[in-house]
Each structure stands twice: as C-alpha cells, then as structure tokens.
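Right, I'll just put the structure down here and ask away after.
The chains carry the letters A, B and C, assigned in the order they are written, with residues numbered from 1 in each.
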Amino acid sequence: MKSWHAVVAIILLPIIIGLAVFAYASTQHVPVFDPQGSVGAHEKDLILFTLALSTVVVIPVFLMLGIFAWRYRDTNHKAAYTPDAEGNRWLELLWWGIPIAIIAVLSVVTWVSTHALDPNKPLESTVKPLNVQVVALQWRWLFIYPEQRIASVNELVIPAGTPVNFRITADGPMSALWIPSLGTQVYAMTGMSSKLSLIADHTGTFRGSNSNISGTGYSDMYFNVKALPSRQDFDSWVKAFNDRPKHEHLDLDQYLTFAKPTHDKSVQYLHLHDVSLYDEIVSKYAHSDSGHHSSKHEGHEE
Amino acid sequence: MFGRLTLDALPHDPVTIGGVAGGTVGLLIIIAAMTYFKKWGWLWREWLTSLDPKKIGVMYIVVAVIMLLRGLADVAMLRAQQAIFATSPNSPISPDLFQQVFSAHGTIMIFFVAMGVIFGLINLIVPLQIGARDVAFPLLNSISFWLFVAGMVLMNVSLGLGEFSAAGWLAYPPLSELAYSPGTGVDYWIWSLQIAGVGSLLSGVNFLITIFLMRRKGMTLMKMPIFVWSVVTSMVLVIFAFPILTATLAMLGLDRLLGMHFFTADMGGNPMMYVNLIWAWGHPEVYILVLPAFGVFSEIVPVFSRKKLFGYTSMVLALIAIMILSFTVWLHHFFTMGAGANVNAFFGIMTMVIAVPTGVKVFNWIFTMFRGRVSFQTPMLWFMAFVATFTIGGVTGVLMAVPGIDFVVHNSLFLVAHFHNMIIGGVLFGAFAAYAYWFPKFTGFRLHEGLGKVAFWCWLVGFLVAFLPLYALGFMGAVRRMDHYDASLGWQGLFIAAGVGVLIILLGVFFQVVQLAYSVWKRKELAVGPDPWGGRTLEWATSTPIAEYNFATLDAVHDRDAYWTVKKAHEKLSAQYYDIHVPNNSGYGALIGAAALGVGFALIWHIWWLAGVSMIALIALVISSTQRTDVEHVITAREVALTEKRLRGKRA
Amino acid sequence: MKDAVEEKFLFNKTTIGFWLYLMTDCILFASLFATFAVLRHATAGGPSGSQIFEMPLVMAETIILLTSSFTCGLALVALKARKITQMVVALASTYILGAAFLTIEISEFAKLIGEGNGPAHSAFLSAFFTLVGTHGLHIFMGLLWLLVLVAMLMRRGITSKWVRQMTLFALFWHFLDLVWIFIFTVVYLMGVAK
C-alpha cells in the first residue's frame, strides 16, 4: 500500500462509514430529528445549526490533513522543504482567531437558546397548561394529574397543542425523564421537584424512558405518551375515566405499598384520593428543619 | 472473624464462574511456570523492587495491558448482550450482571488502563527527555505504582469474592448508597479507586518536582520537549483534582461504613453535592489523560515530518489554557439537573471555549507537516487517525456543550459515542502511537511494521463501526446502560453493527499481540540503533539498551530540539565520566501496596481486626521507609566508561 | 563540596515536594469545607451547631493549638541556635499541647455520640464530624511524626536529614494550625452565630 492510499483511506473511512450509518438510520424512526413539539423542534434546529457552523473548521481540517500529508510525503522531492521553520505568527493568529470567532457566535446562540429552552420556565402559550406530577420509582413511572384526580402508571395521556407543565421527583435512586420526540429531559431526584415544560403539537404515541441508571429494572422504565387530538378529547377521556366505578384508588397509605421496588411493567390508571400526594412524596425526604431547605423543594438555586 | 465474608460471596452465575475459573487457571499457570523456571528471585530483584523509572514504567504498562484485555472482554459481553440477547427474554446475562460489567468496564478503562498507560509513559519518557538520571523521589514512585497495583488487584478480587458495583463508573448516589446497593460492590469500587487514587496523587507531586528541579542544565522551561510540557499540565491537574476524588470517595465510604448522611436521599444528605464533587474531579481527569496524548503527537509529528514543531509557544499556551479551563466546565455533565439558565449557559460557553486551544493544537500539528518530509510509518498513521476521529469527537463535544442540545441527547448513546471518541481516538490512539514510536528505544528492535499496520486498520475501522452507529442510536432515543429493549424500536441493526465493530477492534488487538510476539521472535532482523527515527529530543541520545543511569554525561542543552542540534552540529558528547549515584532497590513499595490492599479488603468485608492490623502495618512501613540508610549506591566512573564502551561500541 | 551542593539540592526537592503535598491537603480540606457549607443546615430534625457546640472548650482547644504552634516555632529557633535542651523542651511542650488538643476533641466527640448526636444522625453532623475529625487525624499523624523525630534524634543525633524533617514537621504543624483557624471560624463561630 502506498502512503497516499493510507492518507486517503483515513480521511474517507469516517465519511463512508458515517454516511452508511446515516443511510441506515434514515430508514428507521429517529425521534430527535422528527420532533413532535416546539421544544424538540427548537433543539433539532440547534443541532443542525451547530453542525453547520462546525463544518467551517472541520472541512479545512480534513482537507489540510489530506492535502499536506499527500503533498509533503517524503517521496515527493519536488515539494518545498523548510526543516527549521518554527511557525508563522500570522497563521497562528488566524487559527486562534477563527475558532474564537466561531465560538463567539455560538456563545450568543447558546446564551439565547439556553434561556429560551430553560426547563424551569413554563412554555408561553395562550392555552391553559396541563399540570402533571411525575414520580420515578423503582422501576416504574407514576404520573399524577392533580386537577383531574387521576394517577397513571407507565403511560401518560396528554392533549396535543396544550403545554404540559411537569413537576418531577423520584422516590428511589436518581432517574431522568426523557421523551425524545418532545425534547428536553430532566433528572428526577428525591426530595426535590424538577420542572419541565413540554408540548406535543401533533397527535401520536411517543416513547419515553428513564435515561439514568436506577437499579436492575432500569431498562424496563419506559412508557408511552399518548397525545390526544385536542383538549376536548382529553377532557372527555378524563370524564369517561372518572365516571367509571372507583375500584382502584391511590392515597398515601396505598402509595407506600405501591412504591416498593417492582418489575411490574403493566399500565394502570388509578383514582387519586390524595391531591397532595406528590408534595408528601417530595417532603418525606426533606424533613429537616430550619426552612433552609425550601430551595431544595422547589426548583434549584441559580 | 471474617466480617460479612461468607461462602455466599463466591460467584453463582455461570458467566462469572467461567471468568473467575479462566483467570485463576491463567494465574496458576503463570505461577507454576515462574516456579519451574525459578524466576521469582529474578522477578523480585530485577522488577518488583526496582526504583528505576524505566522498569516501573514497563510494569505500569504491563498491568494496563492486562486490564485492557479484561476491559475488552467486559465490553464484548456488553455488546453481545445488546446486539443479540437484548430483545429476547432468555439472556445469559442478567440485568444485575450487565450493570456490574459496564461499571467495571468504565472503572477499569479509566483508572487501570488509561491512567496506567499514561503513568507508564511518563515514567519511561519524562526523565529521559529532561536529560535526568532519575525521578525526584524514586521510592515514592515505586509506592505510587504499588498503590496502583493494589487498587487493581482489589478491583479484580470482586470478580471472585462478592460482587462489583452496579452503579456505573461514577457511582452516583443515592443508588450507590446502602439503601439501594447494600452489597459489597460499591465498596470494592470505592476502596480500589481510593487506593489507586492516592498513588496517582503522589505521582503527580513526584513528576512535577522532577520536571521543575531535575532538568538538564540549559533546558529552560520554554526549551522543554512539548511532551514534558503536556505532562506538566497533566500533573498540575492531578494535584488539583485528585484530592477532591479522595475526599469524595471518603465521604461516600463513610456513608456506607458508618451510616453517615453526606449523600443519602434522607436525613439531610445531598446527592447533588456528590455529583458536583465527582465531576469537579472527573472533568479534569479527562484532560489528565488526553493532554499527555497530545504531547505524544506533538513529539511524533515533527520527527516523522523531519521538521520543527509548528508554533511551539502556541502549543504551550494552548496546553496551559486547556489546563485552566478544564476546571471551569464540570457542570456540563449535568445540564439536565435543573440549574438555572444563566448557570447552564455559562458552563456551556466555557466548555466551547476549550475547543479554541484544542483547535489551535490540531492546526499546528497539521502545519508541522506543511513543507516537511512526511513518512507514514505506524506512529504517523495513528496521528492521522487521531486527527480524523478526534475532530468528530470535538464536533459532538461542542454539540453537547450547548445546553439546549445536551437536553435532548444527554445520557443517550450519543454521549457514550462522544466520550469513546475522545478517549479511544485521543488517549488510546496516542498510546499506540507512543508504543510504536518509543518501543525500539527501550528494546533495541522495532515492532514489525506490516503487522502494526494491519492492527492499525482493524482498530480504525473497528472503532468507526463500533461508535458511529451509537451517535445515531442516541438520536433514535436509545439510552446508555440499557440491557434490553423492544425489537420494534429498530435499534437492533445498529447495535449489531456496533458489535461487529467491537469484533474488528478485537481483531486489531489480536494483531497487536501477534505483532509483539513476532517482533520479539524476529528481534535480530528488526534490530535498530539508538536513534531509529531521527529523533529530536534527548531520549534518543542515550544508548540502546539504556544504561541504568540513563546518561553517562550531563552535557548542557542549547536548544529546544536538544538532540537534533547536537546531531546537526556533529557535536561530540563529553567523554569525561564521573561517579554516578543510583537508587538501591527497595521492597517497601510492594509491602506498602500489600498493606493498603489489606486495609481496603478489610474495610469492604468489615473485617475489623484485619483493618487494624493492616493499618498499623501500613503506618509502620511508611515510617520505616523514611528511615532507610542504604538509599543509593555508586557506579564508579570506571564502570560507567566500561558500560558506555560496551553499549555504544557495537554500533559506533 | 559536591556533597554540600547535592544536599542543598535534595533539601529543595523535598521541601518543595512537601509544599506541593500541603497544597493537595488544602484541596482535600477545601472539599470537606465546601461539603460542610452545603450541609450545615441539613440537620434533619436533629440539633444544629448552636445547640451542641461548647464554645469554652473550643476556645480552649484553639488556644492550646496556637500555643503548640508557638512552641514548635520556638523549637525551630532553638535548633538554629543549637540549643538542644531548649529545643527538646519546646518539642515536648508541642507534643503535650497537641495531645491535650486531641484529648479534648475526642472527649467532645464521645460526649456528642453518647448524647445520641453521632455522625450518623444527620447530614450536618456527618459533615461536622468528618471535617473536624479529618483535622484531628492530621494532628494524630503529626504527633506520631514528632515521636519518630524524637526517636531519630536519640538514635543519630542532629543530622542534616533530621533538620530537614524537623523543618517540614514545623511546616505541617503550622499548616494544621491554619486549618484549625478556618474550622474555628466556619464551623464553630459561624455555627453558634446563627
């Protein structure tokens, strides 16, 4: 193998294998690139923008790597040879400068987008948001609709077009709630209540899962999000459920048995008896004292 | 009597039993062979008790290679599970075992492979490049090595006795607390890292002092070889970061040992504090590993381009910039923990800023080839592959530095792909380049070039096939550390590809083993002189094999490429020899390591008497080691002259 | 002549190495301080600092440790002046004061544990015991070092190695004093102030 074969191969291999992966993946469902809500859409745009910006550096790097390696190969005696050149101030200034300029642009984008996408901030909308409280257990998800007095397990029903304001906690190891089709994920932690605001713009069923290891049942902690076409559909779903005979209840006592570690993956819907259940779950880990923990309960310190 | 150590601690499941049985048989064969050939005395005198950094360096690398093989065996299991068994209900690997294996994989690869390789390399190269005969504290160096070994042994004991942590390589609480991990696994993790970590910390102090105080006359800071500069920045990071690890592990250990509540979910404990602390160590740790790899490439590119390094000053500034910035970015590991937008944006921007000095380094390397005479031997191939893969890793790193992007890929396989991109493409490729480059210096023969290239192509292709699919899987919603998933998700194809990639990598490893064996066999044909590549720095000025004292004479250095200038000017090294003091062997390192191992083992299994005895032994050994009187011996000027004649005469 | 040069060189190496070690120790303590600061109000229904700290005892500890640092300094002065007897007396005082400090600290700990306020009682107490205890452990190590120094002195007299070790010990002891000042301020004074 001639040396320039190696040079070309090293530069082409990542591109070829990358394209092959890309080609295969595009035949599959890729939720991050097929966002179903405004948060995810914003994040997808950010990915594409940053990728595009980085090509300003990546393409020259690959080109120069290939061209210089080929042109200045030791068998090419026609090429110039300056063994004692130590550098070039202007060139070096150039490549301190260009990345700084790119990062400066990206910093502005980062600053703005980070504030726009801040999960602590509720989505702006004219529609009244739906409140959902989420408890990550070992190893299932409990979703509480305090206003609708419903608790669901391993399935989340929401109306499309309505912002959903989540409050998220854990009653077990640290977990994380991630619905790739909708966007941002957030950690769920004991004694704390993380905030997250998402919206589904379309009807559909989206997969959500736990993205932080929490014990042996971790891989089973996935669930479906069902986005109903409209708020009316959601309200009638709520009404239909509440009209059913109230055989399965959830209050604090039942919760204590319910929260024990289990590999039970079944979907359940329960009538919520105890509207303050979520707050009780959060505060049971924070029975300290002196009020200094208030910051721990609600959001986090800046 | 034995704390919580009972017969139940022996392995139960067939996979572990197989692994333990295999390991034990291998160990027994080695022991039997050593005994049969009566090599124990030789091993003890020539290697285990040696304070010669060249030998300690080799031992570090031997340990690291053995651990690399274990880490690869682990990952073969993980990928086999994800590619083949993940969608079937009857997997030979239980979720618990799977989690232990990936926790072990991460821990081993970072602490016992990457750290071992880096410290091995530093031991081998730094004293030679600064023109010194030794390190600042030879015994301390040996103690560091043995603490590293003790940590490694302790971590591997968990295979056969008890279990390993199933809480990931950084053991986030509260999962790693007693409430959710009551077994011995997390304790193994804590104490093996604690012991090895103290060793790393001591090494950091040792090498900084060595570099600052033992450089050859005339070698000012800005005339140091760039690899030495990279080690300076790396060791500064060690000194600043490892005490944080020590404190953090100690606190988690106290939670588990004495029921304290630093990071528990209840009683006021604060798991988020742990996450902050562990990353305040963990992020610099990444740079501790990768900066010396940068240094390696900065040595290799000029030599194989037969040209000076482009922009030495910029390279040094970039190293220092990265060193400082690496302490200002730890929060980017948990943007999704709910910090406010200002905090997230600040840490995101700081993270991107690191891309600037890193980019400068890449451009300077590439421009070192500009108007050079580039020859493509294996070290240079590793460099080319490093730039290509590291650039991809850099882009995905910048992507994740934007909090808004991290929000949607954090803890997915995208993240896993990114950091493997940096650590394999950066640290490991750097280590392989260094291996091919410096091997002949220490052995007198080259590694077989053809087999090396085969191994190289396997690694590069295998790496790309193993990790590029993971980026896609991340976008497809696949989270990390998952032992099974539903077939309908369409992930299996890419997992199979990733598994094939691992197989290709394993093939690369196979060819590396073959290459080494073949090169040793054909060492006569592959024999080379002391300076096979046309080296520029002082290590190439020594004889090969290198004398115990490294340099017979300590001629002053005039230039950055100290040896290159000497060669160009046809300067003769001075031949006026003096007596040389070299350190005596010492068994203290091995004994202190053994005592530390005893302490760790006892604390894991709650064997209090053993903990007490080992602790007292440890303290007594440390005190007694400071009271040694026969610290060094003299090699007389006459002996030096004879040795020089013998080593250099052959090939004058 | 060559020996003297080499000796000076060695001296530098060890001293600077020790400074570096002290810096790593600083970072270790900084991590514990940071954790304490975060957890100081996490009393989980248990007592707070102001309810358990006995300031007169803590004041006594502080004065004892400061005095021991002073006597340690005196020992160094005496060593420079080659007044061996004075030096030994000063070192003995340092040891006794250090031991007294440790005794008070251990009895304080024992009392707290006896009252049911041990380190497993709350995050605050865990952080308190660990931070103060780590300092105490350093004092214990210092006392051990002092004993070794005395043993070395009795065996071989004042050698250059001994002088070096003695200087480093003094450095260590002053460092522990400094850490204690921080503990005294951050843990105790600010603890009772609330």
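Following the convention adopted for this analysis, a residue touches a chain if its C-beta (ideal position, glycine included) is under 8 Å from a C-beta of that chain, and two chains touch if they have at least 3 such contacts.
No experiment lies behind these values; they were computed from the predicted model shown.
In this structure, the chain pairs A-B and B-C differ in their number of contacting C-beta pairs, and the larger number is found at A-B. Among the chains present, the centre nearest to the common Cα mean is that of B. Distance from the subunit A centre to the subunit C centre is 48 Å, each centre being the mean of its Cα atoms. Between the CA-based centres of subunit A and subunit B the separation comes to 32 Å, rounded to the whole angstrom.
Averaging C-alpha coordinates per chain places the centre of subunit B 35 Å away from that of subunit C. Along subunit C, residues 42-44, 122-123 each make contact with two or more other chains.
In subunit B, the residues that touch at least two other chains are 266, 268. Contact of a single residue of subunit A with at least two other chains is seen at positions 288-289. By the touch criterion stated above, subunit B contacts subunit C in their complex at residues 136-137, 201, 204-206, 208-209, 212-214, 239-240, 242-244, 246-248, 250-251, 254-255, 258-262, 264, 266-270, 273, 277, 619, 623, 626-627. Of all residues in subunit C, those touching subunit B in their complex are 9, 12-13, 16-17, 20-21, 23-28, 31-32, 34-35, 38-39, 42-44, 119-127, 129-130, 144, 148, 152, 165. Remark: subunit A residues 1, 3, 6-7, 9-11, 13-14, 17-18, 21-22, 24-25, 28-33, 40, 42-44, 46-47, 50-51, 54, 57-58, 61-62, 64-65, 68-69, 72-74, 79-88, 91-92, 95-96, 99-100, 103, 106-107, 109-111, 113-121, 138, 172-174, 176, 178, 180-181, 183-187, 189-192, 194-195, 207, 209-219, 222, 285, 288-289, 299-302 touch subunit B in the complex. Subunit B meets subunit A in the complex at residues 94-96, 99, 166-168, 172-175, 180, 265-266, 268, 271-272, 305-314, 334, 336-345, 348-349, 352-353, 355-356, 359-360, 362-364, 366-367, 369-376, 381, 384-385, 387-389, 391-392, 395, 398-399, 401-405, 407-412, 453, 457, 460-461, 464-465, 468-469, 471-472, 474-477, 479-486, 489-491, 493-494, 497.
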